[in-house]
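In the two complexes that follow, subunit A is the common piece, with subunit B as its partner first and subunit C second.
Up next is the complex of A and B:
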């Protein structure tokens, strides 16, 4: 009996073209659109190029050892190089500036001068560097005048930059907020599996469809029919999400990390949540099928929005302003499960998300079953 | 008795849909539930099938109380719903197989039953069609096939010929007779009195949730005073002739209007000859003559004062 009902349910759901469009084709289209929209952002490697600057090699420059050492430190080739310095005479420096070969010309004097031909980020950084130097210099000079005990030691300390925080990498992957959009897209697709759950409840209730009435008069246990239908809906939903996942990974090259089984587990939990959600709406919203579809569609989209589908940092905003929502929003839980798999080496946060998802699904399923087990109706 | 309904009361809010309704269906019958729209026919069927809650009363099917989990009884029941209950995504043969499979587990036996059902309703050339490609009549036939493929002993048919073309209607009615010949008991609801007259071995006329009359069509017609009605086309008939006609034997009433004389008899034999003899004896020339036997509508009219189709 299971295979009979399950098999035909699969056929019914898979051949429902409108359903397949919303649960598979639409997410694929969205994924493609997102890919093109975020392509530049994702592909661009934001490497910092040192700012080219010229310094006039005057006597004052040669005599100002502290400033010279500071500029040498900032222009030393390597990861921390901020400026690419050219020491030249005043005339050549101005020519370089006019040609656009350098962003600014530094002239050592009192005060230290910066000449630029236009305003921009590089010019602002150069100015900030010089301001910082001038400020630090003035501070140290002031301290030495008041407390001239160990000037050499103080200068050594000032000259050394120390970091008091340690950078720890949770995984080999770098956090990438754009990825969250694709994770939420999968979450949305999981929730769109709710359309399958909704149709199941319509087709099993005698007061909602003639098919439901015909199935209700058959000598088959109703809970059995509900469970077989649910299994078919879950299978279709999981297959569709897997197709989307394969498209994202293999075609659009979205990075889901390398923990394939955990990724699939997230998809499964997401599909269970989606189908349960649809069954819940189908059972408890005592409205027409059109209204139920609208409720399901709007709520899925709202949950996806709150998880960051349309606004990249929405997830963080919700996490800060209304953290409770993040724990009851299935879309946020699914997306965060993917994200935690990608970013964190530990699975603690991942399993918290999966656990909450399954808990919410179990609650919705139980309530739906309690309602669906009703055998007779007040009216048809 | 295959079905016994006693004192069934069903309310929809303030509306009393079934008012202490009683019904008995014997084995081998084609029982017709006849009544206007809203008379409670479908509600009765749905209560018997345990789809609807009811306020009071008792229902037995195959001698056992009917309940949603009365699977043994349900196994022998077939239902043809008023609304077409098939899946649009399944082909004709798949739909029949699906619903048959809810009653019959054995795949081989089921394949044979599906083939027989398809042949029975004449959908052989459409078996690979999807329902949306079928005409209204063919769709109704598919609806019937889905309800009877498992060869039930008791079949409920709720207005199965609504919005069906005459060819399909005849096919459906002939099919129901064949099912009955094969041993099935049929409960048939309709508001088409001609169908019920043609098909049913026993008829229950109901209105406002109550039984008004029960019997064979002849028994029901015998319940009313009306016999046949003879209509004659006549021109310029004088009132004294009408008065004389009213004096003829067994004439209950006679009216003349629009050049048509309608004479209602309350029994007797050879009434048509008697009337025509009178007209010839007075040298009254006449045109076409019609003779009509009383219908179930006359029965309904007599009992309720309303037309059946009101």
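Up next is the complex of A and C:
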């Protein structure tokens, strides 16, 4: 009996072209668009490029040996190079600035000044460099006024330019924000599996469709029918998500880490959540087919939005401002499962996500079965 | 006027599906405009990198002084000392730099032992260099003051460092570029405008077209005494009024949100012109979709794919400046590309001069040409179908 019901259900669902469009083709198209849109930002290491600056080669500049040496040290090619310096006259410097060829123009006077065309990180760094010179100058004059004991040692210490920071890392994974968009896309596809679950509930309830009426008079056990249908929907949904995953990993080269089985387990848990969500809506919203579909797509979109589909750091905002939401939102749980596989070495957080997903699915399934069982119809 | 009246009856039936895009767009715009703090223009604003500072050295004056200095010069985001939470913060770029002052740092530093502030960053990024500079500067000054500044208590030391670091370099901002175009808040509104107007108008126009193109209904209207030309003109009038209605709602809403800033920018008429051109394009696409699809499902699919697709590839959702060249080369064949290009150009204007406006006019004309071409193709298609 299982093979019979399961097989026909599989055919029914797979031949619903509109459904296949929304649950498979649409996510594939979205994935391609994300890929094109974020192409430039993906997987690329951020690199620091020396900031281009001009200095006005006035007499004051030439006479200020200490400042010239400081600038030379910062523009020497190599690891510590911060700026790329052009020495030029006043008019030319201004022209370079207006054309955007340099980020700022340094003018030596009393005090040393900076001219920029807009605010930004590069301009801020230039200012920080000049600030540093002024600060060091203040320190030296301050110390020499009060304790002029060892000026030579003082200058030697300044020349050393010691660094006091040390890079450490919480995990070996390079933080790549854009990855989350693809994780949420898979989550969205899992939740779209809800359309399959929704269709199942329509086809099993006697007052909603002629198929439901016919199947209600058949002598098979209701629980059996519901479970076999569920298995068929799950199979289709998982197959679709796997196709999407394969497309992301093999064609678009999205990094899911290398724990294949855990990734697939996440997909499975996600599909279970999606299909049960659809079944839940299908049994509890006693409205027309169109309204149910609208409820399902609107709620799965909202969940994906809260997990970061449209705004990259939405997930983190929710996790900090309303942590409760991220524990009950299946889309966030799925995306977070992928994320924790990618970032963390331990699986504690991963299994917390999967456990919560399964718990939510079980609750929705139980509720919808309780609602479906023992239905009697006075007239059809 | 029967057709014209029927037009708005049909429209009312699908009002929910049509207004959903406008509602979402307006809702998000309000949320964003509330979230964005008004930006000062004209003065130099020092960049404040978002960082998290974890001070494990407690109350020691040097560590406290460093933490205070970082708080004054960067945007501190409070986070607990929990590696998992901090990792999340960095991954989602809530902070770009995590500085950890290890326990016993002050003692080690002052007794001359090797020690360092630990950092977790996006390696090689420009903002991490910026924060490095600040930390190094504070500690180098501390080293000088401590070694050569004679006997002093730790509190005196921290105060002396702060006094040295108080000086600011004077910064002049070139007057001609004092208002930085890309920073204005309504720029985003008018970029996303393209998506909202495209989705809404496509949805509405195609819904009407589908209703009037149902084979039975069509046959029936063909044998009424209203001439086909008149019926078509009434439909066209309906489309025009609907499209203009959507456009004016969205434009008026931008006045409500950004009123004074937008009006004083002197760019309103340029934005209006550009959006109006794109509205015509949207209507033409809706016309095309409406005459090619039959079912509601196909219509929803087409609207979603076209609106999202064009928005992604042409730079509505992601700015054109960060799209790769290949994508842009492809986008050139789509009208939204020219809308965004003109929109960026308008937003970058500080003074509308004739030479600066010419390329914008060009982009608008290209959009209109797209609209004309799409209309022509649609008419050709319907002609062919009639012959069936």
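By definition in this document, the second predicted complex is superposed on the first by the 262 of 380 C-alpha atoms of A that agree within 3 Å, B and C clash if a C-alpha of one lies under 4 Å from a C-alpha of the other, contacts with A are read in each partner's own complex, and residues count from 1 in each chain.
Note that in this section a residue touches a chain if its C-beta (ideal position, glycine included) is under 8 Å from a C-beta of that chain, and two chains touch if they have at least 3 such contacts.
Computed from a predicted structure; not experimentally measured.
Peer 1: Touching A:369, do we find subunit B (first), subunit C (second), both, or neither?
Peer 2: Neither partner.
Peer 1: Identify the partner contact of A:284: answer first if only subunit B is touched, second if only subunit C is, both if each is, neither if none is.
Peer 2: A:284 sits against neither subunit B nor subunit C.
Peer 1: Could you look at A:37 and tell me whether it touches subunit B, subunit C, both or neither (first, second, both, neither)?
Peer 2: So A:37 only meets subunit C here.
Peer 1: Where does A:377 make contact in the superposed view: on subunit B (first), on subunit C (second), on both, or on neither?
Peer 2: Only subunit B is touched by A:377; subunit C is not.
Peer 1: If you stack the two complexes on chain A, which partner ends up touching A:351: first (subunit B), second (subunit C), both, or neither?
Peer 2: neither
Peer 1: So, A:247: does it touch subunit B (first), subunit C (second), both, or neither?
Peer 2: neither
Peer 1: Subunit A residues in contact: does subunit B have more, or subunit C?
Peer 2: Between subunit B and subunit C, C touches the greater number of residues in subunit A.
Peer 1: Answer with first, second, both or neither: which of subunit B and subunit C does A:6 touch in the superposed model?
Peer 2: Neither partner.
Peer 1: Across the two complexes, what residues of subunit A are contacted by subunit B and by subunit C?
Peer 2: No residue of subunit A touches both subunit B and subunit C.
Peer 1: Please output the residues of subunit C touching subunit A within their complex, sorted ascending.
Peer 2: 44-47, 49, 83-84, 86-94, 99-100, 115-130, 132-137, 139-141, 143-145, 147-150, 160, 163-165, 167-174, 176-177, 180, 295, 297-298, 301, 304-305, 308-309, 312-313, 317-318, 322-324, 326-327
Peer 1: Under the stated contact criterion, what part of subunit A meets subunit B in this complex?
Peer 2: Going by the criterion above, the answer is residues 1, 4-5, 8, 11-13, 15-16, 203, 206, 209-211, 213-222, 375-380.
Peer 1: Mind listing the subunit B positions that touch subunit A in their complex?
Peer 2: Counting only subunit B, the residues touching subunit A are 12, 46, 49-53, 67-69, 71-72, 74-75, 77, 79, 81, 83-87, 89-90, 94, 97-99, 101-103, 105, 146-147.
Peer 1: Which of the residues in subunit A come into contact with subunit C in the complex?
Peer 2: Going through subunit A, the ones touching subunit C are 18, 21-22, 26, 29-30, 33-34, 36-41, 45-49, 82, 97-98, 111-125, 127-132, 134-136, 138-140, 142-143, 146-147, 149-150, 153-154, 157-158, 161-171, 174-177, 180, 308, 312-313, 315-316, 319-320, 339, 343-344, 349.
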